[in-house]
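The two complexes that follow have chain A in common; it is paired with chain B in the first and with chain C in the second.
Up next is the complex of A and B:
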């Protein structure tokens, strides 16, 4: 018994052959996962690029060169959908992330009463699916819906606002919805980051006479910088890909004022006469934009 | 001192109003589910007596049980398969890491940058050719292996004590045995976090099933409630009941396992 154990230790300590064997076994652990990602993420990207060089309707595809890319430069709906998602991005991401940061700052205070209640309450929208909350918001903000009724009963409004009928009120609804759904989610990231900061730093800053605002801008934000960067990239990517909300809250309307790029790709492929090649060209442009924006944000984050 | 007090009071006021805004839409949904459509539109804020009636209308007009079962089946299969595949990979990438595997991991991480809208058309064509439309495998396969989960498990494998591996090897356990008998039981909390997040994502997935679940009998809950808004006149009581039913399972999981959920969300950020 003891002998075999010693043998084993010896052979283990000899090391090299066993080590190589282990590294080989390791490949069997990682290959299934890697293969699936290659099949369902990387292969489709290459297919999307090839598809984008093809023209035609349905499955009748033939090589068309850069025709699809030239076409999208003149496509009003494509430009409109791009404009819409960038409006969401510019309005919503800064509002949501600042709100999340402020909330995390307040909730990080251990002396706060009902701390876990507030945390749960603000985090709870994350438990709802995007479709569900989009439909709740759509119902609340309907022309004859709850919000208008209440505002009129309180004599704040004389006439109902057609939230879903005006281009800017409809866009505003998307922004409100996104902020409601994702603020708590981002707050959790900041809270996790704040837990790594020693409270003594804040005590010292207080003694030195730093105001709450100073503590936020001079201590909290610099320490949280990597997490702020991460949440910015995630929110940017998420917003550029928005689909569920514009589909279910506003149905892309009124007159395509809330149509998102993902929704336009979906319509081109599955609702209108299917033009897979053209849809793939738009998709590929979105891919490039997402990649470039993420890269730029990483660069900016590195420099500061 | 007075200034401090006002500051503190305004903090609480701010938190209370934000919490109210967060909770109100959900509260309103549950209230609306118990009321008639006319009362919902009249702005009632009290639970009504129409819950049973709404439920009857809902089950008469839609295939609710089928959609619930489909959603549950798809989400459960996705969760089990993805925990197995992703944790195997995450463990492999950390424990047996060498240059080649580190490089491969970096390549896989790039897949997080791929927007779903970009790959959905080729994926749809691929799954059509493979005959996977309207199937559980078709639902699950694109999300069985995700860079996010592999990364999460790779990070948590760092906390897996090396002594355990060495002791198990001396005891004659195979490498696969170590993973199943040692790693999985010790890393229960990481698995719980990953399970919560994967199940909720699968349960809530909308765009992918919208594309591949073309048969009525293969539809999921998000598709069912989305379809309910298509009519010209909407019964808000029934609609909110359907939304409530689709939210309830994830809400319960969320409230029960909030800590795991938060861990899963932020896990890969550490």
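Up next is the complex of A and C:
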């Protein structure tokens, strides 16, 4: 099929210049992918935007203009969920990425024994299901759970901490869970980046008397910069859309202290009286925030 | 060219094949979505067996779908107007029924004129399945609230189950403190941040989170404030302990740390599996609020009903199926009760001998007829369209109150949250 079409295009040789012909072939290869992206990515985004302009409940939708966007400015739960998500973002992304960088640095040492074992061990959390790890975390951090028992037996705590009961301990728990789950994932990117750095550079730096800290800040980080940028954007995006952890670990509680935006969208669509238009408007706001943050990070990170 | 023709021919053949297939189906199939193999699915399969004798051309295809998935699938299919993949009958949680009917008008088949006699079901269940005077569901699962207690623990404090029957919360707290003192065991456990127990208490007063006009009724709701006050007192006197999730809740009474539980009658399914405690349990009605006028010892929690989809190919057939089985066959309820403990709200079944069998686990108490009796006395309330929103808002308020916030502030916030959600 493809061959015959290429033959056909070739047979029009006389009609087109060589330049046009090349362009045509290029388009021919691009079109299937472009069509797929358009129909499964851009088309739904456009439809979601149109939906976000409609107000009403369930099937009784009607055009409402920007009403949904005005409504969400007054929505206490939306503000609360935005606040929670930004707390996760501010606390978790820097902790996780610096941890990943440190681990990658340690594991890149060629003299380290059992290197591949440690790499695998740190990456493995990433292969576990989001739901199952959230459930295991919940039982580990229960009032009479593993963590409290250990801490009390070590005499670090006198009274067990009710992790899931307090707003800040519950948020901390989500941050701990996220860090455990995603550090290994980001570490792999850094490891891949570190492989590309010629060891000779470090040797030269050592001879010139650069300390380990200097080598990290003056060689490793500048060379890894594009990768750090990539992981930051990916983590920001992921954290803003967090759903599984808050749903399964804390189900948004206590008193909505861990409710995430995606979870609120889910509630609006499937638990509460369905307001798909309003839910789409919130989704769109998240989309815009992610886009703006990514753009800012690109601008800050890109010095070319 | 020849090849193309052959392909075209083959495709036409296939199309023809499919269409004859669907025409050949004179035997109708009724598809059902429900959850819980030991309870709802089992009951549905037994109903299908019974209906086979009445109408042998009908096959019933029962598919296991979790409740959350039923709700998600209904919402997405109905809002996209793609009803092709929906079943003929769904099992619906009572607290979501009105919401679904009013969000998706015309999506559910009106059963009012289908010949089903709704007088044969418990009053409160019929109320929950009625929207604007039309019946949309055949009541099934019995959610009548029970107070299940360990009599061996009560005995240590010098009490019997009769001391906890037809009492007020004030008496319950007095006696509960004494049990706590003598045995060290609380009588109740509840999941922190969830409002199930509070809602059981609230419904027993005949009040709900919405007034008769459907407006949120939270700040001014004196019954709700009294419920919260009692709940706090129970917690303070350690008669009630809070746990973090469902599994911990179940294990709290299965392991014997807590000497009783208060929930919908279906909780029996989680009590009975612990063989060491056989004979130690009894059930009774829940305490009432002495200070609230019209308050009763009866309430409900959970429960579900069968609904027919309007998009079904033959809704009349599906309705007839329900009418002949869940709304008309005592035999069905007699079959499903002993093996699954599936208690229904079909009142004629209460007279049946099976319902009057003593239950060995409960020391020979005739629990089934007792529960059917409770069910007939549950106060009628309208859960309302915005039930989930209101329950979430009140749960949040209660968590805040437990963390030390002023009751009125927390309730005001809940009221304005619900008002916003309804706006």
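As a convention for this text, the second predicted complex is superposed on the first by the 267 of 304 C-alpha atoms of A that agree within 3 Å, B and C clash if a C-alpha of one lies under 4 Å from a C-alpha of the other, contacts with A are read in each partner's own complex, and residues count from 1 in each chain.
Methods note: a contact is a pair of C-beta atoms (placed from the backbone, for glycine too) under 8 Å apart; a residue touches a chain by one contact, two chains touch by 3 or more.
From a predicted model like this one, the values you see are computed outputs, not experimental measurements.
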Answer with clash or fit: chain B and chain C placed together on chain A by superposition. clash
Scan A:75 for contacts with chain B and chain C and give back first, second, both or neither. second
Touching A:91, do we find chain B (first), chain C (second), both, or neither? neither
Please work out whether A:41 is in contact with chain B alone, chain C alone, both, or neither, and reply first, second, both or neither. first
Considering only the touch criterion stated at the top, classify A:269 as touching first (chain B), second (chain C), both, or neither. both
Looking at the overlay, what does A:121 touch: chain B (first), chain C (second), both, or neither? first
Applying the document's definition of touching, compare chain B and chain C: which contacts more of chain A? B
Just to be sure I read the superposition right, which of the two partners does A:294 touch: chain B = first, chain C = second, or both, or neither? first
If you stack the two complexes on chain A, which partner ends up touching A:106: first (chain B), second (chain C), both, or neither? first
Give one of first, second, both or neither to describe whether A:129 is in contact with chain B, with chain C, with both, or with none. first
Now for A:153: first (chain B), second (chain C), both, or neither, which partner does it touch? first
Given the options 7-15, 43-51, 61-69 or 133-141, the segment of chain C that clashes with chain B spans residues 61-69
Residues of chain A that lie at the interface with chain B and also at the interface with chain C: 138-139, 142, 269-270, 276
Chain C partner, complex, touching residues on chain A are 57-60, 71, 74-77, 138-139, 142-143, 164-165, 251, 253-256, 267, 269-274, 276
What residues of chain C sit close enough to touch chain A in their complex? 68, 71-72, 75, 78-79, 81, 99, 102-105, 107, 192-193, 243-245, 247-248, 385-386, 388-389, 392, 395-397, 399-400, 403, 413, 416-417, 420-421, 423
Would you pull the chain B residues touching chain A in the complex into a rising list? 7, 11-12, 14-15, 18-19, 21-23, 25-26, 28-29, 32, 40-43, 85-86, 88-93, 95-98, 101, 104, 108, 111, 113-126, 141-142, 144-147, 150, 166, 169-170, 175, 179, 200, 203-204, 206-207, 211, 222, 225-226, 228-229, 234, 236, 239-240, 243, 246-247, 250-251, 253-255, 258, 261-262, 265-266, 269-270
How about chain A: which of its residues touch chain B in the complex? 5, 8-9, 12, 22-23, 25-30, 32-37, 40-45, 47-48, 51, 103, 106-107, 112-113, 117-118, 120-133, 135-140, 142, 144-146, 149-150, 153, 180, 184-185, 188-189, 192-193, 212, 227, 230, 237, 240-241, 243-244, 247-248, 261-262, 265-266, 269-270, 276, 279-280, 283-284, 286-287, 290-291, 294
